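By written order: A, B, C and D. Residues from 1 in each chain.
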Amino acid sequence: MGMGISVRNQIAKRAAQEIKTGMTVNLGIGIPTLVANYVPDSMKVMFHAENGILGTGPSPVEGTENANLCNAGGYPVTVVPGASFFDSTTAFGMIRKGLIDITILGAFEVSEEGDLANWIIPGKKVPGVGGALELAQKSKKVIVLMNQVNKNGTSKIVKSCSLPLTAKNCVDMIITEMAVFQIQSGKLTLMEVMEPYSFDDIKAGTDADFLLAESLHS
Amino acid sequence: MKVSSLDKALEYFNDGITIMYGGFGGIGNPPTLINGIIEKGVTDLHLIGNDVAFPDIGIGRLIQLERAKSLIVSHIGSNPIAGQQMTEGKLKVEFSPQGTLAERIRAGGMGLGGILTDTGIDSILAENKKRIDMNGITYLIEPALTADVSIVYAKKADTFGNLIFDMSARNTNPLVAQAGNITIVEADEIVQEGELNPEEIVTSGVFVDMVIQSQGVDWKWVWE
Amino acid sequence: MKVSSLDKALEYFNDGITIMYGGFGGIGNPPTLINGIIEKGVTDLHLIGNDVAFPDIGIGRLIQLERAKSLIVSHIGSNPIAGQQMTEGKLKVEFSPQGTLAERIRAGGMGLGGILTDTGIDSILAENKKRIDMNGITYLIEPALTADVSIVYAKKADTFGNLIFDMSARNTNPLVAQAGNITIVEADEIVQEGELNPEEIVTSGVFVDMVIQSQGVDWKWVWE
Amino acid sequence: MGMGISVRNQIAKRAAQEIKTGMTVNLGIGIPTLVANYVPDSMKVMFHAENGILGTGPSPVEGTENANLCNAGGYPVTVVPGASFFDSTTAFGMIRKGLIDITILGAFEVSEEGDLANWIIPGKKVPGVGGALELAQKSKKVIVLMNQVNKNGTSKIVKSCSLPLTAKNCVDMIITEMAVFQIQSGKLTLMEVMEPYSFDDIKAGTDADFLLAESLHS
């Protein structure tokens, strides 16, 4: 993502605030993985892994990794009390049935209406879809963590996605290095401005219409 | 008595067959069978599995050696060599959403024709799929998948072919074990019938045709 | 903390709701919840399950007391009272082949729209069903089933709702546990999170909303 | 079935001869249940129960029954080494995938082409279909055990079934108190004549055309 470690952690920390006790949460690879570090140990959260774990815990101490206990990204994890193992159909049954309270993932583009494009850049990047379709389409709340603008300085928040969609109207929240946006009933709303950015920075970095949250009117 | 040798197992592998394999990101890919297939030299394979691991891990090795002609997978992101072969037109790749793919494999093993799901209905993956409306929802018709031979990695097998798996190495293995016309399992440990608790068995031996002793993983994991 | 009381559980049961129940021939029917439903007096129920047991066993008691308005089942052969009510027009019965019914319930729990099978294609049960041709085979489209409330009988539950079952009392219970909008489980034993081995868990607690202590079976089995 | 116990056992014993070592077998209720008694202990056979057991064993000793270990008919069983428990979808997945080598069941009518009617007598008996459709349609070999004629003396082997079908062309063998028939490629063939019946008894009790096996030509 070409983003400094402190900014990545800042975004992850903000995303963690959305997680409440009792929730079932799926974290995508990249910045989303960092979110778990900011969920207090006292909070009972079940992290879901598409490869067949509910209840992954922190990374194991170096030297105690087990290749057969890894998350969907292929990295070693531990499990918490109450964890369960199952096959991939059940892992995705949980997603399809809407039992994932929050999914946190990256994106290439998000439209002002919450359309998500995060799996294919035709002619360039075709890694395949993995579990992105299910997670985006079926989770109760979808939070996108990404840069406000891409390498060329173009906004990743757009009026309408130019890339093939993962799912329509699925994104509920966008957290970037500059801002927090909410999308409700097809309306994009700026909720928070991140230090050291200004409203004008955000305006310049957002290629879509957005409303201002009550708290920002002043 | 289903316990046999790698040599006997390899008799089932010939050029052009469809092989379905268990595993997710290389974890749960059966190392001994994959090495055996490589050594036998079979090629033009049609592969069905969750992904193609990493270039030098598990099923990825078959890709690196250009033994595969086509794939049905959910992603190839962790194996850039597959992406390259696809771009060069050497490898035909069909992408299926991960959960849909798992259900299609399960459906094959359960003798079903397929499943209905609305996953991915807004995506380009849905473009040429048959649809059906039911109770106001449009579903995609996703056909079942089976294979000439399924290859599976288990933690323990008994001599009847009953299987248990190891934590997240379970992933697609129980599904793949059911969906092969022939199912060959390599297990880290082979025990006598009656030594597995009937409650803990994840895959019933009736789905399994042959069990061989695994030599274990011989690759380095990405995090190592 | 999902552990609660029968009284709290009964708040979910009202006239006219759809209840899905685990069990096969009465074995695995949840006795304490069924007795609670009877005592609360709810009626006009739509029931979905494998069968309706025997007149004085398990779910059969709800039939005997005329609390059910409709059934989706595979057979009612062991409960002649259900047959009588059906003949008298008091009870609407939809028969689904046993394996198809199990898959329809599973599909509901997995968030699928349904499954394709050719089971029963030559029978009168197939007469009004949608069909689809695929690879030269004609399949029936069998829609998924869900329920307002699912009731389940487990051997052990932990406080997160993870479940294990007892031998053949597993039958449809894990499927039913997944398919309810609300899933209430009675368990012979309730343990703390972490006391069940993650490998042995059959139903993940994420599917379960409430767990209560079972009072156990209070009927005599036919072979007793 | 209105049949004496010795005749029931004779039919069961004959059916047991079809079972070979290594087979997976499903036994219906009634006479089929008795078949297990005639399979030698030395023979490795896995009996399948639709409620979720592969590997049922003999009835338990009285007083040691466990209500949670019963066959599909609801009667207590034991399990053999190598047995496994699973849910109903897997039980029927085994059937649908064609992994049941032999299924042995009862019938109201069987046609000379192997059509089976065994689940409904409209206006009279509607117990429901249970697992009969799957077993009849999907098992590798279907053996019907039944009386040659019904209570009114009418043949249960018919040119064409009058009752609603369970499945078409599915029956491979019929064993009655009088005879053993095979059905292959839509042709009914008399294979064996049971004591004390004669060919003429069978002819009179069979309302369908049938061929004679080589062994019966003389």
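In this section, contacts are C-beta pairs under 8 Å (C-beta built on N, C-alpha and C of every residue); 3 or more make two chains touch, one makes a residue touch a chain.
According to UniProt, the chain labels map to these proteins: A, D = Acetate CoA/acetoacetate CoA-transferase beta subunit; B, C = Acetate CoA/acetoacetate CoA-transferase alpha subunit.
As the structure is a prediction and not an experimental result, all values here were calculated from the model.
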{"item": "Labels of chains that are neighbours to chain C and to chain D", "value": "B"}
{"item": "Third chains touching both chain C and chain A", "value": "B"}
{"item": "Comparison of A-B and B-D by number of C-beta pairs in contact, larger one", "value": "A-B"}
{"item": "Averaged-CA centre spacing for the pair chain C and chain B, given as whole angstrom", "value": "32"}
{"item": "Separation of mean Cα positions, chain B and chain A [Å, integer]", "value": "29"}
{"item": "Whole-Å gap separating chain A and chain D, where each centre is the average of the chain's CA atoms", "value": "57"}
{"item": "Separation of chain B from chain D, taking each centre as the mean of its C-alpha atoms, in whole Å", "value": "36"}
{"item": "Contacts with two or more other chains, residues of chain B listed in rising order", "value": "103, 110-112, 117-118, 167, 198-199"}
{"item": "Contacts with two or more other chains, residues of chain D listed in rising order", "value": "53, 85-86, 89, 92-93, 95-96, 138"}
{"item": "Chains touching one another, given as label pairs in label order", "value": "A-B, A-C, B-C, B-D, C-D"}
{"item": "Chain B to chain D touching residues, read off their complex", "value": "109-112, 158-160, 162, 178, 192-194, 198-199, 201, 204-207"}
{"item": "Contacting residues of chain D [partner chain C, same complex]", "value": "49-53, 65-76, 85-89, 91-93, 95-96, 119-120, 126-134, 137-138, 164-168"}
{"item": "In the complex with chain C, residue positions of chain A that touch it", "value": "24, 46, 48, 53-55, 79, 81-86, 89-90, 92-99, 138"}
{"item": "Of chain C, residues touching chain B in the complex", "value": "103, 107, 110-118, 130, 132, 134-135, 137, 139, 141, 143-144, 164, 167, 198-200"}
{"item": "Of all residues in chain C, those that touch chain D in their complex", "value": "24-28, 50-51, 73-78, 83, 86, 93, 95-100, 102-103, 106, 117-125, 165-175, 202, 217, 221-224"}
